[in-house]
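A short write-up of the structure that comes next.
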Amino acid sequence: MNYSSLIIAVLILLGGAYLLGRNRARAIASQGIRLHSLPTHYGALMALWTGLPPLLLLLIWGLAEAPIIDHLLIAQLPEAIQQGTSSEIQLTISKVHNLAIGAGIDAAPELEPAVRHLIDLQQRTLLLHSGMVLSLALLGIALTWRRIKADMRARTEVESIVRRLLFASSGVAVLTTLGILASVLYEAWQFFGKVSPFEFLFGTTWSPQVALRADQSGSSGSFGAVPLFAGTLLISLIAMFIAVPVGLMAAIYLSEYATPTIRQYAKPALEILAGIPTVVYGFFAALTVAPVIRELGESMGLAVSSESALAAGLVMGIMIIPFVSSLSDDVINAVPQSLRDGSYGLGATKSETVKEVVIPAALPGIVGAIMLAVSRAIGETMIVAMAAGLAANLTANPLDSVTTVTVQIVTLLVGDQEFDSPKTLAAFALGLVLFLVTLVLNFVALKVVQKYREQYD
Amino acid sequence: MTNTSMSTREKVEKSMVRRRAAEKRFRVYGMASVLFGLLCLVGLFGDIINKGASAFRQTVIQTEILIDADYLGINKKADDQEIRNADFEGLIKQHFKKLVQPEGRSERRMLYSMISAGAAWQLQEAVMLNPSLLGQTMSINLIADDDVDQWFKHDRGTELHNNRMNETQVKWLEQWIEQGMLKTQFNTLFFVNGDSREPELAGIRGAITGTFLTLLVTFLLSFPIGVAAAIYLEEFAPRNKITEFVEININNLAAVPSITFGLLGLAIFINIFGVARSTPLIGGLVLTLMTLPTIIISGRAAIKAVPPSIREAAFGLGASKMQVVFHHVLPLALPGMLTGTIIGMAQALGETAPLLMIGMVAFVVDVPGFVNDPSTVLPVQIFLWSDSPERAFMERTSGAIMVLLGFLVTMNTAAVMLRRRLERRW
Amino acid sequence: ERDYISIVGSSTVYPFSTVVAERFGKSTNFRTPKVESTGSGGGLKLFCSGVGDATPDITNASRAIKSSEIELCAKNGVTDIVEVMIGYDGIVFANTAAAPHMELTRKDMYLALAKMVPAQDGSDTLIENPYKTWKDVNPVLPAKKIEVLGPPPTSGTRDAFVELAMEGGCKAFPFIKAMKDSDKNKYKAVCHGLREDGAYVEAGENDNLIVQKLVANPDAFGIFGFSFLEQNADKVQGSTVDGKLPTFDAISDGSYPVSRSLFFYVKKAHVGVIPGIEEYLAEFTSERAMGEEGYLADKGMIPMTDKERTRVLKTVKNLTPLAAK
Amino acid sequence: MSIIENHKTNGAAFCENPKLKARDVGVFYGEKQAIFDVSLDIGANEVIALIGPSGCGKSTFLRCLNRMNDTIDICQIRGEILLDGENIYDPKVDVVPLRARVGMVFQKPNPFPKSIYDNVAYGPRIHGLAHSRVDLDEIVEKSLQRAGLWNEVKDRLHSPGTGLSGGQQQRLCIARTIAVDPEVILMDEPCSALDPIATAKIEELIDELRENYTIAIVTHSMQQAARVSQRTAYFHLGQLIEVNPTDQVFTTPQHTLTEAYITGRFG
Amino acid sequence: MSIIENHKTNGAAFCENPKLKARDVGVFYGEKQAIFDVSLDIGANEVIALIGPSGCGKSTFLRCLNRMNDTIDICQIRGEILLDGENIYDPKVDVVPLRARVGMVFQKPNPFPKSIYDNVAYGPRIHGLAHSRVDLDEIVEKSLQRAGLWNEVKDRLHSPGTGLSGGQQQRLCIARTIAVDPEVILMDEPCSALDPIATAKIEELIDELRENYTIAIVTHSMQQAARVSQRTAYFHLGQLIEVNPTDQVFTTPQHTLTEAYITGRFG
């Protein structure tokens, strides 16, 4: 059995276990004995014990199978190869695999035993692990079956398992953070060995062009990240300047003024804005918005660079409107009607009610929505790369071209690179610093929300 | 006191002028905001459709061609391999040479460049399906080269034209048009083919399947995990520094540039766990990490919005915490969670940068069958095509964007309908 | 258990590599290779990360492999690397077809775009680039603002441009040329440094976008690959450089001064392990692909001279690794 | 039920000096009719008590009087209601000043998630009733005092109104309403959450307010109705059964239903 | 305030056959102490009335008895409360069966945003009290009948509970609570939103329930306390001032504060 059919088999067993557990509990109850928990809890417990361990085993097996098989294969390789370097062994094993599936490479008689062994192994492990998985599932059924008694605390047990699952889920976020730190820390560390953190954090010139090739220009490159952070700030501010008022007003309009039909269609329509690929926005910003801005600016006698922070910021603002509008609309909608009634009853107009009562009550959610939008703006790359350019100017003029941290990260990682040049490593350092900066920002935001959060009802 | 009362009324009346205006303004701002958003949407859509609609039509050359078994050197019993090795390209060249009689080598080259490389595969396939065609004359719509396609669809009769079609070629084309040989037909290949370097053969089936599989993985992982994490953090986690740290952390993850998730995926999933590069599985895993914060944050906001009185009522009846959450809080919070999911998934659907790091920015011709086959996704396909030199890829880029948007709209509609059923005000 | 070829590397070579891969897949029984566009450096990094089916078999590069990369490879057990040169990529300097055509010299380009230029008084001192219009640079040029959209520092195209066009231009000043021997670093800094005051606009690596930006802005020039010029001949025109128009022939015979070589690298150890590598190499180096009238030329790659190609064919046939050269 | 079909309201539904006049008012929640053809005058400077069994439509009727029903989507109203002779359902009428003139205290206390001070100051602020901070402070203090809450909250005016006990919240809502100085005050069971002392204070307040205002109060307490109101209206299943001077209703009810209700022999 | 410092509860706080025993219970909302050292027995099969001015801590105390205060983060409890001799604040105790045994009706009606039927059926469902759909239907009907709501809602059992009038909602909440068949019922002003007839029904219900259950009821109505309860406890500013048989409290209150309160001469 392959993985998918095994998973299906386990799921079927799981369903069966649920019914079995429930019915057993019911049978006990029908003898007039009072159960600690509902029959469904016993069913759920049985299902959990039937499903979880085998699925876990499957996961571990999936991760461990390949290395184990390869390990077993080594023993079957000709002596000469076994003595060889690890890469030789590695290659031979790849070859054995490809021979085994008959992928059209020249046969090698000396590998014949290994190939046969592999085919054999694959069949046996398949049998073995299907067997193990299924028997584990059956074991779960049997053990739980025996444990089901009237006074068994099935609900408590189910709940504590579910609680652990919930806990593990929230652990994913923490692990992600650790993973990100782990995957940038080493390289960032190396970078700070080459460039002083002080220069990096406070330097105002960003020009990462260092020699990648021996015969390339030898300029040492300067790694002052201030212009990047300033650029990120500028563009995010412009984007928020569009997205927050438009998004919030749209949310208010949709939840307080619009007829249900309009809301029903307009809200998802706006949500589409979040899903348009950023390449499309990039083209839009670079080819539609930027020229308009340039012409407008020039007609007013302003010097507008053909790649302006304004164009990128405006379009990015449009893209993140739904983050503000939809999430705010949800929280605004969740404010109890009685609060609105209280305000209307005092003779407040709709807008007063919204501004004075509804928004404050929905504030934590709205701030959350805005933070999400800000985050998205900070993390966005493509639009800026296409419309605001890559020149690291330190300026507050939205008509100038600026670049952002993320754009630099992407260009450094996607363009030509060298594994140990500060130019490439700088991407990791930027990632790390951005991570820490936004961490502080979020900390501040959380504190603000905590201060102003008001419970209603 | 009557005086005061009168004066109150007067004060209110007096304030009304200002307030009515404020109310009207507020309403107008709201309406304008919605309209602005919708206009942007319409503008973007219009632009894309305008550019991309022509991608759905393909120019073909209708011709009667003799499948010369002798030339091909195969007979009716030939197996697939033999057919594959046969020189159909040469056959087509012969055919067209007879048709227009080019003079000299350079004219021959001009002529051959007008027929797609796919034409030979078309014939090959026809013969493979039906070996009895060998030795017969068949009528077939051979795919024209992308340059011919562009000329026929856009440039014919205009001065402005990239000199990919020269006078001789135009002469031949005009001749074919007169004979009714040149025409456009619905571009089925665009939907049934995988990627190709020949614009006229390039299709999005591989990318669509890849997108579907990738998003499936993303959704199956991110929605349950996101909802579960939101529930845990909001309802179960003790309020302390650790929870606070986790909360900040999650908010922070939302601001992590998406390419960083690619780095993470590369470092953890590929290098440590040995997941294969360029597969929907690894793509889905990376996008899950990226989507999770959005779902968790919106989920928590939605849970927070559930009034405490409802929880109290359930607790008072002896519901356990878990029951309160799953019977009362979750159903009320689900619409909000769905919003987060819709936005998060939409974002995942349009994402390119992190996929760069995990090998999904790739040329993959074969349509993936399952989550561990090499594949690419629509936004990447769009990104790659948009950077291709061939002019014909421009309209295909827009065409692919239209398909992506169609995908997005379908996905959102389903979720929105679900959300609407769950939504209620209390 | 990979049974298809995995190719990574340069985005410049990507369009050529993919055509070959596609033809190869269609005309043989092997699966179509998977080609990733990771950039030359990124590709080499992956390529050098080890052997076995989890690592790529081939990496494309728009520059030659560096010694540090060879060392990295060796450290990870990747020893026999076969270098295959495939052709040339012309780099053009273009503006919209609607605007007047420009005739430039490399010196003009240097003066217009360098960060430091010789002082206008003719003395041997360097000053910050003061030129605002093309006319300031060279009186025969129009009095239009200097605005050039080009690739970012991380791009191979930019490296090539800087090296071939700018350095070619700065060598025209004897005192700078003299620096090459006295102070090599300074020489490079002077010749390779692009101005950062807005006249040179770093505009991402999407060449189509640059083409379209040029159309929208008649004053602007762009730097990009020859294939984009070829495909958009109605929209943009390549400026003459040192009297040569960027044409297929001029690049191919080397008379157009700004072009660079393209390569790919093969992991010899994978030959015979991953099916189809030799056949892929054969397809790539065949006459119908790489030849003067091959399909790669149709896609905008400039073919090598016959002599060069013979050498390449030999390398491929014998799978001669780099070190052994 | 047949006894109340095609009913006519008993007693004196109309009065000489009406502040509010309801004429043939019918209210529907979607399909369901909650109020049937109610005609009733509410006189200037009088307190009218609305009584009747739970679910009979008292709250619904009350909410008609300042168009609070507008906020319920499915709610439809027929007939007319005249405030000082002007139909408040006239399309020209702006509900905002109307609601400022006809204030309302709701059945469930619903303080805003703001500080106690801001809860009370909200109305005067939006209507521009105070010219200065001092003015506003005074209005807030006076309103809280009249609602009998001042002493309990004067030290924590800036803590949230939602942290108060049920009864305190209700008084806060009363204070909030009278701070706007409306001409008519509609009270939906204002004392249901209050202890006798607080109730007594509110009743005193009602008495005091009556000099200048018109008050309609929904109550479940006969005693309260008797204590504070001049007239009493008895509702039953959406119909106005009887309106009469309060003492008369409680001593000699005209309709059998009224009698049944006040003597508790009902149902 | 000095009169109640270092107080001792007057009267008979303890009884012979206690179902619930509170010992030195103190409750804090953050810094603020809301209940001070209250010790009180609630006897089996008795109805005890908790009275006192608004904000004195009646609801808070009541919520301690089934650990509803657990749900308020800032709420801290000292002392112990024993149900059938077992401390309910023992860490080993599972609050779920505890709350099923000690049911609660809240001060503000808080129906679930579900249908009327589901509101009532929820408790029996989660506790597995019904074995079949028919069983459940029966429980729902009976509970609604006992709460005096059946006739009004029997035709719309499947429309949302939030669409009911205030009083109907309150009765729905009562029905919901008794559907679980708890041993102790805590009622926080259950009749405040009810008309006299509904009130009478609830009082009847309380009387009926007393035979098998223990009931603690918070009320603002002295009359109600007098009608339904055997003992009455008077709270003041978080302290339990006096507990005595109800008739004694209302005729000969021991403490001056109690007297002041019940005669309305307070404040």
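Which chain is which? They are A, B, C, D and E, in the order written, and residues in each are numbered from 1.
The rule we apply is simple: a contact is a pair of C-beta atoms (placed from the backbone, for glycine too) under 8 Å apart; a residue touches a chain by one contact, two chains touch by 3 or more.
Note that this is a predicted model, so its numbers are computed, not measured.
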Intersection of contact partners for subunit C and subunit D: A, B
Chain nearest the global centroid, as defined over all protein CA atoms shown: A
Interchain centroid distance [CA atoms averaged], subunit A/subunit B, Å: 19
Rounded Å distance, subunit A centre to subunit C centre (Cα mean): 35
Whole-Å gap separating subunit B and subunit D, where each centre is the average of the chain's CA atoms: 58
Centre-to-centre distance between subunit C and subunit B (centres being mean Cα positions), rounded to whole Å: 31
Multi-chain contact sites of subunit B, meaning residues that touch two or more partners: 12, 19-20, 23, 274, 308-309, 320, 356, 386, 426
Junction residues of subunit A, two or more chains touched: 155, 283, 336-337, 347, 349, 352, 413-414, 455-457
Multi-partner residues of subunit E (each touching 2 or more other chains): 96, 108, 126-127
Touching pairs among all chains present in the structure: A-B, A-C, A-D, A-E, B-C, B-D, B-E, D-E
In the complex with subunit E, residue positions of subunit A that touch it: 29, 35, 37-39, 155-156
Subunit D-touching residues of subunit A, taken from the complex the two chains share: 260, 336-349, 352, 356-357, 360-361, 454-457
Residue ranges of subunit D in contact with subunit B within the complex: 94, 96-97, 100-101, 126-129, 180-181, 183, 211-213
Subunit E to subunit D touching residues, read off their complex: 29, 51-55, 59, 107-109, 148, 152, 163-168, 171, 189, 192-201, 220-222, 261-262, 264, 266-267
Subunit C to subunit B touching residues, read off their complex: 2, 4, 6, 8, 11, 14-15, 17-19, 21-23, 25-27, 29, 31-32, 34-38, 54, 205-209, 225, 227-228, 230-235, 293, 295, 298-300
